[in-house]
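The block underneath contains the structure these notes are about, expressed in structure tokens.
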Amino acid sequence: MITRKYLATRTSYAIVTAIIALIINFLLPRLVPGNPVYTILLTKYHYLPPNQIKLLESQFGLQNPSLWYQFQRYIIELFHGNLGISYYYYPSTVVNVIATHLPWTLYLLGTSTAISSLIGVIVGKYIGWHSGTRKETFVSALFMGLTSIPFFWIAVIFQLVFALYLTNLLPISGAFSVTLVPSFTAAFILSVIKHSILPIFTLVLVSFPGFSLTMRNTMVNQNREDYLTLAKAKGIPERLIVKNYAARNAVLPVATHIVLAFGYVVAGAFFVEVVFSYPGIGDALYVAVTSLDYPLVDGIFLMITLTVIIANFISDILYAYLDPRVELR
Amino acid sequence: MSFPILSIRKLNTVFHTPSGDVNALRDLSLEVERGEVLAIVGESGSGKSTLGFSILRLIDSPGEIVSGSITYHDKDGDVSILDLSLPKLREFRWVNISMIFQSAMNVLNPVARIERQFIDTFEAHNLGGDYQARIEKYLQIAGLGKQVKKMYPHELSGGMKQRVSIALALSCEPSVLIADEPTTALDVVVQKEILSSIIKIKEELNLTVMFITHDLSVASSIADRLAIFYAGRPVEVGSAEKLLKSPQHPYTAMLLSSMISLNTNRDAFLKTMGGTPPDLRKPIQGCSFMSRCPLAEPACGTYDLSPGKSYGEGYVECIHPGRMAREVEAVD
Amino acid sequence: MLPELEPLASKSLKTKKQTDEDSFIRGALGNRKFLSGLIILLAFTLLGILGPFIAPYSPYNTSFQSWLPPSSAHLLGTDYIGHDVYSWFVIGTGTSLFVGATVSLITTFLGTAVGLISGYYSGAIDNILMRTVDVLLIIPTFPLLVILAVYLPPTNTTTILILGMLSWPFMSRVIRSQVLTLKERPFVNAAKLSGYSGSKVLFKEIFPHLLPLIIINAVYVVVGAIVAQAGLAFFGLGDLSSVNWGTSLYWAQSSDAIVYNAWWWIVPPGLSIALIGIAANLFGTGLNEYVGQRSGEVR
Amino acid sequence: MNRRQRAEEYAPPPDEIISFRNVNKIYKSGHSTNYAMDDISFSITKGKTLSIVGESGSGKTTFGLASLGLLEPTSGHIYFQGKNISKLNKSQQRDFRSKTHMIFQDPYSSLNPYDSIFTTVSAPLESFQKGLSRSERRGRAAEMLDKVGLSPGIEFLDIYPKSLSGGQRQRVAIARSLINDPEFVVADEPTSMLDVSITSTVINLMKSLKNELNFTMLYISHEIATSRYIADDMAVMNLGRIVEYGNPDEITKSPKHPYTDLLIRSYPRAGVRILPGEERHTDYNVYNGGIKGCTFAHTCPFKTSECETTKPELRKISHEHWVACFHPIN
């Protein structure tokens, strides 16, 4: 049940957060001393004639020093879907760069989140129901360890293993074989899948234990609930108690956890992309950071932030919709 | 002649805690007669609830039933509950013995409609027939309208939830109903209504009711027989009427006299019982009430509990039954 | 379902004066998870402190041959320009832990202060603080971290400040919700009725109950900060000349250590981070279990 | 004296200690509005024990907390010895606190597990008797513990609540509430979490301490027999209103309000059988106050149209007996 007030608060949070993100995004670059056009482009092209610099300045929107004027322009440009021009991929626009990289990231994220939440819930259900046993304690401790391993380290280790010991079993870099031209052919799709196995596996390996542990914890809290005792007393088979009583009640918090963990998994995906030279947003961000491509960094930040804000908003609404008890303020 | 429906013999239930094993039930033996309302009365820690949970084998870790037997005398023969395999136990539960819990607030699955919680049970026991009609029938017996079917637990008041759990308990037509403090969390007016419902249902459906409570007044207002529990055992069992009129065990007598009623003399102090119950982590020799009993004498410490003393149809564990009550009367 | 126990007070009365804290710590050490977590954490701390003294070489010494595998001279071999990896690792432990601990200090201080204030003094202050926290919590941390690190000067201090400023909102949320339940407990009303002032109630009656929670969170933040710092360094952000686990991994990655099969360079820092993570989790879970079990005993 | 001052202060009649004037406490959550106190005007007599009886949701605990200033009423004023307790200055506030205390329902959560018994019991002395040295406070605390039956008191000073039983904890709470010789003490269901055999000892203790120390007590309970036993005056609350007030014996022997009558008839009596037909399915949790007429009209067998439209006020019907009902039971 969603009250109007609840909807209003959540919406206002989302909007305020978005505005803050915009302000950070606008202000930070302007606080950096020096004109990036000179520093960056000159290092890249060594020499540019003055009229060319003027042109570039106007392209990057740097010619009027008034902050307020710039902010207005920034907002106007933003609503026209213009996030500026990338230094590194010049003359590509930031939006273009993001658009070419985004599908790869969405593919990695979507697949790995689906797999890890599925595995997470199933495994969590199991260890939650058997909590307190020696086996469960061991598995939980192992999972806790897994969740605290940095994504990129696991990725590097996999790369090491597959590069040196399990050679030629799975490709360890790129998104598809360089000999192929992107198209909807079986060979190309197969190549894409093969290239994504290691990155996805890495992401799943580090993110599913977190879901499992959340599921386990909510299940353990369920164990103390009287309605489980009643279900047992009623003679309901254990399998159904787990499914309809314990897990049904435990899965809601996990669902929100999955959405909340989205930001974390996004970060993980970025690291994984960097390690496996996978041409997604993370790879673009890495390039942008290392080449000081400010417009691209800003654009990516804005895009991710807005995505996460929207994901959060949806999860809040979903939660209120799914739980019959919720009478949120 | 007695026709027990449940016979409990030498039952021992232990809780393994970090500070030692707590002997919650100590060699407990008790019969529940067919068709009676037997009230189990005791203070916290006396083992009264543990008994209810032990009968349905709902004792979870760190608790454990270590020895003894519980026999259910079915029309088709005896069932030894503690020897049932898990699938058999599952089939046995609820169809033969069902239970109402104290915490009406939390016994219903919060995310399922009321009807779902009935249907679950019917499906688990492969009951045939018209489920909806059946649900409505038992909701009505418990004093609820059929609109309740479609509701979620959080939409019901405390009294209504307890009625739903009564309806649930009856829905598989069990022979025995264990009611574990079903009205403790409720207000007096609703309490009386629920108690009255239970009595009515009991007569209509020819149930045997085991009513667990800490409240002697409540117990004596609905039970045919009372079993007074102390330190993991019944210290006195007898008909409600007789037990109230002439309690045999000093604990029963003192419990009765320390009760406050609407007629208690306001100008005098209340009668009290000093001391605390014994530590169930340690073995108890002889009578467990000895440390608090004004009549205690050395012989109480070596008193062999196993046979018990019967008087009439009752039972008492005391070497000088009835003396306490007589002395209290003499003082009054 | 446990039967209620009557503790036999008159027999267990202690004549010797004994503080509750003593028995608390002793009791917590009895929890195996807590104890093992604590031991691992202490071992790393010790390694971090002793690092500069047990490192056989200077971490900047590049006079050795590149890509040497582990040997008695170089316990963890050497890297692409001939640093002794073992020396780099033990000294890096100190830096990584220092960054983690400092971030945790900032976070714990801010988080606890904001949580206490907004939980205890409801009304306008609470509203402002919590709305701020709500908003901060929605912004995804990692991209924000990256964008801040891109624009700010790359030093360890910057890293510490950014991480510290970003991680307190979550902690303040946790503390606040705990304060909210604690302040409804009757003993708080009893203290007010006994004439305690607001701050005395807050610090003397409520604060001790929060300590385990604060400690657990502080430890988690240490781990989080170490991982975040390593992540930043791995992205080439932060102070790359600093000797720590993160930069170690960065240089290994950027110099293609994998091609040279230099596992000795890659494995130790990552494994250490994972181990500290496990230790923190064991520590936290153990302490939680103990506190829960203890409050269960109190009932 | 202008009107504003009058709202803050007045000269109370000699036998009055606390007075409620048109006090409302309204809780709002989501769609529902709950009247914990519905326009209560009522005075507590000095030196007496007043018991408030009511079911859950009747507002009895709210009444107790508000009388100690632990809850701010939504509207209306509460006076302690003639002074409005929500308008006290700092020193008046201290004075008010030093003269009042409370015994809580749950002896487990009302004692801070991190405080020793000495710290707990002597807290009021520490706050209000700044002149006392630590050893004097220890002496007073030990004395008070002896008085509540924890003897020798000195041996209890340095232990922590966890090694005490429920009954013993409640004695500690009683000692704390009485150590500074308060004039007014609220006891909120002090025995509802204790076993029967311990209840009677605690009730006896409170009764004898009341006689010895001569404070005013507000005893809040859902348990009508205990309330009758301990009280000098009794008030019955229903959905935020006081519906009957007077001598406990009179009220319990011949209740005048149909609600009180229902409460007493529902009270379980040892040996009095409950019959199968005695069910009516009252469910007044559905109603949450803010009712124009009588709060009991929806269930009352004697309801008239007046009951639904007009609020009945407390009126005196005999010596020591007041009732808020248009057609009290004879």
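Lettered A, B, C and D in written order, each chain numbered from 1.
Following the convention adopted for this analysis, contacts are C-beta pairs under 8 Å (C-beta built on N, C-alpha and C of every residue); 3 or more make two chains touch, one makes a residue touch a chain.
Worth saying up front: this structure is predicted, and the values here are computed from it rather than measured.
Chemist: Counting one step per pair of touching chains, how far is subunit D from subunit C at the shortest?
Modeler: Graph distance in the chain contact network comes out at 1.
Chemist: Name whichever of B-D and A-B has more C-beta pairs touching across its two chains.
Modeler: B-D
Chemist: Point out which chain occupies the most central position, where each centre is the mean of Cα atoms.
Modeler: C
Chemist: Take the average of all CA coordinates in subunit A, do the same for subunit B, and state the distance between these two points in whole angstrom.
Modeler: Computed value for the inter-centroid distance: 56 Å.
Chemist: Round to the nearest whole Å and give the separation of the Cα centres of subunit B and subunit D.
Modeler: 33
Chemist: Based only on mean CA positions, could you tell me how far subunit A sits from subunit C in angstrom?
Modeler: Centre separation, subunit A to subunit C: 24 Å.
Chemist: Provide the list of subunit C residues touching at least two other chains, using ranges where the numbers run on.
Modeler: In subunit C, 6, 297 touch at least two other chains.
Chemist: Could you list the positions in subunit B whose residues touch two or more of the other chains?
Modeler: Residues 44, 276.
Chemist: Where in subunit D do residues touch two or more other chains at once?
Modeler: In subunit D, residues 165 touch at least two other chains, as defined above.
Chemist: Which stretch or stretches of subunit A touch subunit C in the complex?
Modeler: My answer: residues 13-14, 16-17, 20-21, 24-25, 28-29, 31-32, 140-141, 144-145, 147-150, 152-154, 156-157, 159-160, 163-164, 263-264, 266-267, 270-271, 274-275, 285-286, 289-290, 292, 294, 297-298, 300-301, 304-305, 308-309, 312.
Chemist: Under the definition above, what is the set of subunit C residues touching subunit A in their complex?
Modeler: By the definition above, subunit C touches subunit A via 33, 134-135, 138-144, 146-148, 150-151, 223, 227, 230-231, 234-237, 249, 252-253, 258-259, 261, 263, 266-267, 269-270, 273-278, 280-282, 285.
Chemist: In their shared complex, at which residues does subunit D touch subunit C?
Modeler: Contact set of subunit D toward subunit C: 65, 68, 70, 94, 97-98, 100-102, 104-106, 108-116, 123-124, 126-128, 155-156, 158-165, 168, 173, 176-177.
Chemist: Taking the complex as given, what residues does subunit C use to touch subunit D?
Modeler: Of all residues in subunit C, those touching subunit D are 6-7, 9, 12-15, 17-18, 20, 185-187, 189-196, 205, 208-209, 295, 297-299.
Chemist: Applying the document's contact rule, which stretches of subunit B touch subunit D when the two form their complex?
Modeler: Counting only subunit B, the residues touching subunit D are 43-44, 143, 157-160, 187-193, 195-197, 199-200, 203, 214-218, 220-222, 240-241, 244, 254-256, 258-262, 264, 266, 269-274, 276.
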